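Letters A, B, C and D mark the chains as written, and numbering starts fresh at 1 in each.
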Amino acid sequence: MSLPQVVLPGRRGIPPRVNTFTARFWSALEDGALLGTRCNACAHLTFPPRRICIACGAQDPEWIELSGAGTLYSATVIHAGPSLYWAGGPYTVGIIDLAEGPRLVTRVLGALPPPIGSPMQMVVTHHDDGCLFAATLAAAADN
Amino acid sequence: MPGIAIIGAAATPVGRLAPRAGAMAEGFDHEVLGAVALQAMSEAGITPRDIDSAVFTAPPPTTRQLGFGSFMAAQLGLRLRGQLAEVQEMGITGGLAFDQAAADVMLGRADFALALGVAIQSGADSGMAMDHSVRVVGDVDFQSPFGLTPIAWYAFDAARYMHETGATRADIAHVALKSRGFARHNPLAQFREPLGLDEVLRQPMVVEPLGRLEVPARADGAICLVLCSPERARALGVPAVEVTGRGFASDGHHQMGDHHHDITAFPAAHGAAAAALTEARCSIKDIDIAELYAPCTITEVLVSEALGMFPRGHGAAAAREGRTGPGGDRPLNTSGGCLARGHPPSLTALYGLLELREQLLGRAGARQLQGARRGLHICELGNYNAALAHVLERLA
Amino acid sequence: MPGIAIIGAAATPVGRLAPRAGAMAEGFDHEVLGAVALQAMSEAGITPRDIDSAVFTAPPPTTRQLGFGSFMAAQLGLRLRGQLAEVQEMGITGGLAFDQAAADVMLGRADFALALGVAIQSGADSGMAMDHSVRVVGDVDFQSPFGLTPIAWYAFDAARYMHETGATRADIAHVALKSRGFARHNPLAQFREPLGLDEVLRQPMVVEPLGRLEVPARADGAICLVLCSPERARALGVPAVEVTGRGFASDGHHQMGDHHHDITAFPAAHGAAAAALTEARCSIKDIDIAELYAPCTITEVLVSEALGMFPRGHGAAAAREGRTGPGGDRPLNTSGGCLARGHPPSLTALYGLLELREQLLGRAGARQLQGARRGLHICELGNYNAALAHVLERLA
Amino acid sequence: MSLPQVVLPGRRGIPPRVNTFTARFWSALEDGALLGTRCNACAHLTFPPRRICIACGAQDPEWIELSGAGTLYSATVIHAGPSLYWAGGPYTVGIIDLAEGPRLVTRVLGALPPPIGSPMQMVVTHHDDGCLFAATLAAAADN
């Protein structure tokens, strides 16, 4: 279930750190899979991946692959941002409710923000220095 | 929190205290705050040697002198037996300084305590400041890489609120107008000129759907409140207000939860205020005046709803109809709030408490609210996922 | 401060938690602290949902995730009604976190409260770290320009003490040896190998007259204490210690006064301890075991004198004679203290409180002090110009 | 009563800030005078100069010139310092009790730290980017 791939020239503004736990997430993303974690004690599903379950405190997560399908809960276009992002002009960020339940916030690709409630598709963005995830309108991703 | 009186307060006007590029500073952080603290103590009729505890808002990254609380205490010649601390946690920072100074009085560790702070950061490079702030308001590995600024979270609220309620940007923007209406007569306010709706709506966007006048400007300030027990306040015979209720609540999120929830509901605001009102033995209907930590237009709308002042989805209409502005039946942020009084984030809560004190003592001048007997203050931590509330009344 | 019990505690060993250059981190700050906090709650027999207040030591500049307290609370799924705060003030930082968490319990705002923090800073460039620290421990305009490091202030103490009392560097250096003697059996200690006097004395100088083993090494750590009322602790039936006295005192200086005074006298240490002992209804003679915030050899000597454990000028001799070490009649810092247990400055006070708890509960293993019934903890703010003390006893 | 002047090549490690109040101090120092302040309300004498009297809280200081004579109360040689200072090798700092009463901390010039109790003389040090004050053995300054 590989996510659509998008190449974005330039470096990531603030690159995420990687540790021995999150390395699994970032290498899977590089390969097109968006991973979350599910608590083996209470089945709570989380994104981003977590070593500690926020629902029950157990420290026994297992990795699960997310479909990347979701819905746009809210969005904004940032016209004045940090210097590390702003150089590229206004950019859209959105809150996505994934089909499996977890909610995340991410960059939304495209010239205009999609209407709230739009079906969204998570994608992998490849930058000069590594990858990130982002969301696009599901229809756009299908093209 | 019965058992606390505010007997003195002083502050600089909110605005730019940093020198313009190339100019020499009038005074450094400790000198600006030192003068303010002496004025607050003087108003209370006490001296630095009477102070037992001093709780500072942690200084912003622009403050060059670190160990600031200790340094400042030495500059004022304080000798303390209660505590000396700097506290911080995003938007509740000022409220925590107040709360912890108050705790020392309640525990008998301090006869007199100061809650104080200074923030001179308007001279900082704005790109740098934002690079710092994205690390505050998001998960640095899974959210910050997308460049979410602090006010972007409020923009999410606004977009969702408009989607759900049908309120327009213009409805919500009325908060900016009534803020100026109040600030016009507040000598501490950063922006006192009246605004027209067109002017607000034609500003450049900052975080859609919020434009330049719907979000706070950068601001500096310095403020000090002096606290003691109600008994001691009565003995001194100075005008004072009393804290009659206190509440804190968190919904367990950092900005946003990890599963679906209503980001516009602000349950922590509701919970904190409910706890404070219960302790004060009253309900939201008994609140005559409220100061809300509300950096953006939308925030004031949502908090007013969360507090139960207006039904869900009716907060923006209330602003548009003038109910929350000068002459309205539900006046909110008579100081002018974050948009007009101004918003040095770590100090905003202390400025809000100061405004309630002025109003409850009946000395708010041309913006005085007649019959203001009971006030509510609330501040928040990261898109209102946690909130700290206090109920104030004039000390009998 | 009657009314507080410590019912759970956990910590990482003190040492390097930062990854070596080029290596991948095992866990980030929040993951390291999260595991420790869960272990402390588990020991107390409670879960994150039982917690009402969480007071964090403000993270060091190396912590990338800001808004750290809020972020950490969300990671642990905490829902709070008391408070959520980060506190700091140089060396009393850990003591303040403990104190403010305790205040919430005493005021009825929290059934259970956490005092916790993490510091992973050993990976930072040491020149950079010191450039930062000179802004903490001096007046940035009139002292920092001369390059005074934090431990330079203790070196002033040492030089003056030797001048006044005739004590030698070797006398004072015995503190480093006895620290290792205790640390040998402390699984949390950074340095557990025994040391010889020659080895200490032949190290390169860092701040004369103190060499590399007479000052603290850089260290990381993470620690969490769980607090509640004594009544609740008894109901839970878990082993617990109780805070029976608390005191704070400042002499009004930032590092140093502006007129002549005796910098080796540490009057704030004396005052804070005296207040705590008075509240605990005992005297320094009744203290069986003490953990002192003492970054350098000389600091332990001077604090022991300020507390009245030894006459003025006899503290170094007491260390040399073994009275403060393993088997001595006045054991100090059985954890190994800052020099051997290790010294992550913002957390040192919490590690000291944890050691007292282990000793008072009789489970300190091979370093257990027989008959340890009453313990004293003290920490300080800038060359002991302010100090915070607590007396602990086993909960009956 | 001009203080001895010493030229030290290179820049100051952390240059002090200057504001409309302390400008008077730094310009007087440039001219060879070490200024403190005396409170007009209680006569408390302070160094560094202060707008607020720490003894009584009055905000009415007057400038006074200090003789620059003092005694060494304590000293240390810093062998591991901040990067901004350390490049030059170990340096000595000391606590000086001035003849007029105020106590200050400053750089102590000279190869070896003088014995505690030594008579000291404040001097002005001129750097590439401005001046600072320092102390030397009084005898050395007399030479």
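Things worth noting here:
The working rule: a residue touches a chain if its C-beta (ideal position, glycine included) is under 8 Å from a C-beta of that chain, and two chains touch if they have at least 3 such contacts.
In this text the structure is predicted, and so the values were computed from the model without any measurement.
Contact count check for C-D and B-D (C-beta pairs in contact): higher for C-D. Here the CA centre of chain C is 34 Å from the CA centre of chain D. Mean C-alpha positions place chain A and chain C at a centre distance of 41 Å. The distance from the centre of chain B to the centre of chain C, each centre being the mean of the chain's C-alpha atoms, comes to 34 Å. For chain A, residues touching at least two other chains, in rising order: 17, 54. Residue positions of chain B touching 2 or more other chains, listed in rising order: 28, 64, 74-75, 77, 135, 139-141, 252.
The list of touching chain pairs reads A-B, A-C, B-C, B-D, C-D.
Listed in rising order, the residues of chain D touching chain C in the complex are 12-17, 22, 46-48, 54, 73-86, 90-91, 93, 95, 97, 101-107, 113, 116-117, 132.
Per the touch definition, chain C reaches chain A in the complex via residues 24-28, 31, 34-35, 38, 41, 47-48, 64, 74-77. Residue ranges of chain B in contact with chain C, taken from their complex: 28, 58, 64-67, 69-71, 73-75, 77-90, 92, 96, 99-100, 103-104, 106-107, 109, 132, 135-137, 139-141, 247-254, 271, 275, 381-382, 385-386, 388. For chain D in complex with chain B, the residues that touch the partner chain are 17-21, 23, 50-57, 59. Across the interface of their complex, chain D is touched by residues 127-128, 130-131, 133-135, 138-149, 152, 155-160, 163, 204-209, 252, 256-261, 263 of chain C.
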